[in-house]
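Each chain gets a letter, A, B, C and D, in the order it is written, and its residues are counted from 1.
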Amino acid sequence: MSGADLWSLAPLIVPALAGTLVMLLGGFNANRRLHHGLAVGALAAALLCVGMAYGTAPRTVTPLLIIDSYALFFLTLIYAATGLLAMFARPYLAVREKDTDAFYALLLFAATGMGVLACSNHFAALFLGLEILTVSLYTLIGYLREDSRSLEAAAKYLVLAALSSSFLLFGIALVYAATGTLLLNPAFRAIADLAPQFGQQAEAAWALAGGIFLFVGFAFKLALVPFHMWSPDVYQGAPAPVTALIATGSKGAVLAVLLRAVGPVGLGEIGGAAGITVLAVLTMFGGNLLALLQDDLKRLLAYSSVAHLGYVMVALLAGGVAGAQAMTFYVLAYVLTTLGAFGVVTILSSESPCEADSLAAYRGIGWRRPWLAATLAVMILSLAGIPPTAGFLAKVAVLGAAIEAGRLGLAIAMALASGVAIYFYLRVIVVMYMQEEEDATEASSLPSSFANAVALLVLVALVIAIGLHPTPWFEAVRVAVATILPA
Amino acid sequence: MSPQILTALIAVPLTGGGLAVILGRRSDDAARWVSLLAALLTVALAATLWFGFQETLPAAQGPVLEQRISWIPRYGIEFHLALDGLNLLFVILTACLGTVAVLISWREVTRAVGAHYLCIMATVAGIMGVFLAYDLFLFYFFWELMLVPMYFLIGVWGHERRIAAAIKFMIFTMVSGLLLLVAILTLYYAHGAATGNYTMDYTRLLGTQIGLSTARWIFLGFVAAFAVKLPLFPLHTWLPDAHTEAPTAGSILLAGLLLKTGGYGLIRFAVPLFPDAAASLATPLAVLGVIGIIYGAILAYSQRDLKRMVAYSSVSHMGFVMLAVAVWQITALQGAVMQMLAHGVATGAMFAIAGMIQERLHTRDFSELGGLWSKVPKLSAFALLFVLASVGLPGFGNFVGEFLILLGSFPVTPMLVAGGVLGIVLGTIAMLALMQRTFYGPSRNAAVIADLSPREVLALGILAVAAVVLGLLPQPFLRAAEPSLAGIISQSIPFNPADPEVGLDVLRTAAENTADFSLQPPSDPTGAEIAPASRVPVAESAVGLTGTNPGVTTESSPGSAHAIPASARAGNEETGS
Amino acid sequence: MTVLFYASAAVATVASLLAVTRTQALHALLYLVLALFAVALCFLSLGAPFLAALEVIVYAGAIMVLILFVMMMLNLGPESWARERHLLPRHAWLVPAIMASALVLLTLFAVLSAPQQATQAASVGPKAVGVALFSTYLIGVELASVLLLVGLVGAYYLGAKK
Amino acid sequence: MTAQVTSAAVSMTAAVPTSHVLAVAAILIAIGTFGVLLRRNLIFMLMALEVALNGAALAFIGAAARWGTADGQVFVLFIMVMAAAEVAVGLALILQIYRRASTLDADVLDTLQG
């Protein structure tokens, strides 16, 4: 490993080192402002390093990691999301927990884990990145030690995530036994080559079974139906900023590595495309139908994100360059939007020690807190895929990719599923704007923290800007995808 | 004329709405005035277009003013607005009804005034975009965009059961809209795969070669969205709720404009893009249209709520538009345009009156109304005027519209026309019953109420003048729309003569059977004016025409130019095979 | 050595099954340790002596002792056994058993469906593993250390009395 | 000399079909899954997880034996690291939960609406 390698690894090293530093500082300095500042600063520095790494990309650093513009695209998204979350978390934690050093340290470690996922080129990096992220999340989910809901969510997540990890590992082992390689792309290509010989060759059967176990492992992490059971409980129990991390960065990172692994081969080629199609349809409808029953905003968003992952699977099933671009663009839009929605939940929750998650807590905020409510409304519209928002264009891109690939049935299923979803998204807006006489008090209409107000404003601006002028974003996505899937 | 004026038509109301919400934080009146100003500016822009293109319009089949800016080049999407005679009429209607909506809600709305005006103006801007868009993606963009402020209008400022109505409205329109989106994308990729040119441009997508069965599915995707808006008979159930629960301004925009986007979409997009599919599905659509006419009228009669009654009468009136589109005849289509304009004015006014009554008596139930004539004579006189307009009394635009539709459809499908006439009769009964229950008879309400204020007189006056002008001087409007419609019809002759046109065969047989039914030029003054104008497309397709059925041509008088496109289509088919 | 594999595999299976079904925590733990030893023997018979040693030292030695400590701290006495028994009525076994047997049957079908040939495994000693660790997997080792650090921070924070 | 080493190594290893190793691994994973689904006590769930992870590790060793490379063994090392981190956090969580609720019974803990 050379100095140049270290330079291109800087985007991963910076958050890991900063995490260690925060942890060490926490031992003899309880200044929360310092921890918070370090975390946000480190993520900003990591973003800077990402910018510099574009100069040396693409670069393979040992067989494990590859720093190319695809990885850098996702690193930007992940670090930006984590940085914003760290900002939202400060006032939230201030009313709940005295010790914040571990929180920021783990947040930085989680960012490292997600970064490794985005760069990984090898099953070992995939596994270690995923586990760094997951083990950080165990503690982050249970961070509110006095709140039994938080602890319970952590326990639930721990058990199911570890179980899914062992499935994932077994899948990797089977694939390795069949193909003899642990590199992502060659392994998946070998699975695709072996799959048609099922029944004649032992390796083909191992490869197929391995592919299924791998997919089940991924399906757990992404919360696809029927492996989604953990998601609503964990979303509800976890502290709001951590929920946002699970919903955005962690899913984005797992999707990044999934696309890198299967994109060039095509999910349909690996075998079991029919099964995955069924899973995608179940996920879209299951998520949306279950969301109809929720009275808790965090659970509602959890089910909605289940459904959104179903849409992402549609893009993945569509395959090809168009599918990969659509999926990447969808992830971009989804992450920004979900971040904004949870940002509002976090800010509202930071005004008192009790979590603002039941829908009743949002009654009439459209008139009491016009700016926050408008932000949430924009995000909800974007999740529902209504113009002029990023979510709308993302939906068009995915539908387009599916239709272009000749999967019209899947496209229609997605359209109908998002039609179902309109109902519960509208419910949120109904609660915010239509259920209570407005209250003339406009005293505290802005979020208490200036930084958070700016962060939300940036997110709203981005969501609408992407919806109105997507060309530069499409271009960024095109460049990123071109490195893993040359047109 | 500068093409930026088209963008301005969208931007001005939107800016006005934005300013309203900002100024509205200080004072409600400021919000009202700035919206009114923006609305009037929009009217001025529309008027400029109208007078500026008086000379060019009758000669131009295509757009007279276009603006194109590259928007999302990756998908071949442009910000492409274009103006022709057809959408110019709807632009003017939108501008006028937008102004009326602003005036009407002046005193009615006291809560979150700025936001209310933002919603009105944003809806107006979205509808403008729908009418002007020449890019399918842009069209869909505005199509969805106009729903959001309308949803807020119904849900926030509506009446008792507003939330359920708003959600129902949104779900119906959104789900059908998603099917439209899938249909647009399918068309886009089919066209791209066939030609290598991936574009959302309307003019380039015209004439895309698609197999009939695929085309039918895509066509149905378009029809789903437009039929929900129109609304077509089984898809109308959102309409009575939404219209009833919406605040007055919302009802006016819904009935006056939103329904028209459905009819406009059918004429502009659905049929011309898929002529074969449209031809093969014409019969069921026409039948559904006529069922809507009769069903709407019957249900209107049995309502106890003033607004619901007007809402059902809308279902009835818009059934005529569906009939005209299914027949696809220049005369019928001109009638459809007339019908939509006139219905927008008259029904908008009826909802305004219902809103005024509600504001004064806090009820819309017939059992608590009655005898209003003696209390509020001005209001009642206006009501009478608009009721007469709605029932299609000669002298009003609705008469011209319904008459032309029936005239155009009769040679094609006399049975359905008979059904339509029955619907008119039933509708008349319903509307007269409305008049009777509300304004005549004994008063059931002791409340002392004020008659119209000058502002209300102004609002209703605008609409009254419009209704009368449409009825007495329809020629300029017909002449404006005529070349565009002729252009659209000439583009939508089926391209693939090999495909059997199952449905249309039925209709055409009917047309040939009645071809010797010689129609006299209508006695109505308007008829004489239509005839010469509508000869333009006749000359173009004369070759195919004489080749097929000389009997039809020689026997049809100049007034029955409607017979031409159907036989022209037949001629085309024959030369092709 | 072949016999060793099959024998230890059988022991591992039975011990694992007992470990997940015992109601007394300590018994379960002892069966688990037995299973781990058996798995370590499997490792050994498959030519992985280094990992076999690590399995005994790290897993059976460190991790299991950790669990044992926590059990002692929680003081899981006879009443906890009774509660466990109460929590495991016969009918509660049904669904997990069906799901697990479906899982195992499907996998066995896939894994054993094709003709078998015995492969003479080559032993890979500690040196080769060490070389791989510090060449190809250098970054992996660093990441593993981050992972341990994360575990440390998490355990410290969550375990702290407050 | 290499030949000598190999022959010595051969005598130390079993001639087992890789399929059989994978099958045993699958059985262990299934037992672990069964335990996780069956048990309601967090400590037992944690132990069942260890069984499942061991199954995965065994599969890796079997695969490594087939290809005769170190990669599989390195992977197992990583699995052990992960298991250690997992158990450490899990046990800390268990202690904390026990401190709050005096029970580790997942049914009693079920306060999140399901």
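As a convention for this text, a residue touches a chain if its C-beta (ideal position, glycine included) is under 8 Å from a C-beta of that chain, and two chains touch if they have at least 3 such contacts.
No experiment lies behind these values; they were computed from the predicted model shown.
Undergrad: Measuring from CA centroids, which chain ends up nearest the centre of the complete protein set?
TA: When every chain is reduced to its C-alpha mean, the one closest to the whole-protein mean is A.
Undergrad: Cα centroid separation between chain C and chain D, in whole Å?
TA: Chain C and chain D have C-alpha centres separated by 4 Å.
Undergrad: List the centre-to-centre spacing of chain A and chain C in whole Å, with centres computed as mean CA coordinates.
TA: 31
Undergrad: Distance between chain A and chain B based on Cα centroids, please, to the nearest Å.
TA: Averaging C-alpha atoms per chain gives centres 44 Å apart.
Undergrad: Go ahead and note the Å separation of the Cα centroids belonging to chain A and chain D.
TA: Here the centre of chain D sits 27 Å away from the centre of chain A.
Undergrad: Name the residues of chain A that each touch 2 or more other chains.
TA: Counting only residues that touch two or more other chains, chain A contributes 124, 128, 131, 135, 138-139, 142, 145-146, 154, 174, 202, 206.
Undergrad: Give me the residue numbers in chain C that touch at least two other chains, ranges are fine.
TA: 107, 111, 114, 116, 136-137, 140, 144, 147, 150-151, 154, 156-158
Undergrad: Provide the full list of chain pairs in touch.
TA: Result for touching pairs of chains: A-B, A-C, A-D, C-D.
Undergrad: In the complex formed with chain A, which residues of chain D make contact?
TA: 18-19, 22, 25-26, 29, 32-33, 36, 42, 45-46, 49, 52-53, 55-57, 59-60, 62-64, 66-67, 69, 71-72, 74-75, 78-79, 82, 85-86, 89-90, 93-94, 96-97, 100-101, 106, 109-114
Undergrad: What part of chain D is in contact with chain C in the complex they form?
TA: Interface residues on the chain D side: 6, 9-24, 26-35, 37-41, 43-44, 46-48, 50-51, 54, 57-58, 61-62, 64-66, 68-74, 76-78, 80-89, 91-96, 98-99, 104-105, 107.
Undergrad: For chain A, which residues count as touching chain B in their complex?
TA: Interface residues on chain A, with respect to chain B: 367, 381, 386-388, 392-393, 396, 399-400, 403-404, 408, 411-412, 415-416, 418-419, 422-423, 426-427, 429-430, 433-435, 437-438, 469-471, 474-475, 478.
Undergrad: Chain D touches which residues of chain C in the complex?
TA: That would be residues 1-6, 9, 12-13, 16-17, 19-21, 25, 28-29, 32, 35-36, 39, 42-43, 45-51, 54-55, 58-59, 62-63, 66-67, 70-71, 73-74, 76, 83-84, 87-88, 92-93, 95-97, 99-101, 103-104, 107-108, 111-112, 114, 116-125, 128-129, 131-133, 136-137, 140, 144, 147-148, 150-152, 154-159, 161 of chain C.
Undergrad: What residues on chain C touch chain A, complex-wise?
TA: 107, 110-111, 113-116, 136-140, 143-144, 146-147, 149-151, 153-154, 156-158, 160, 162
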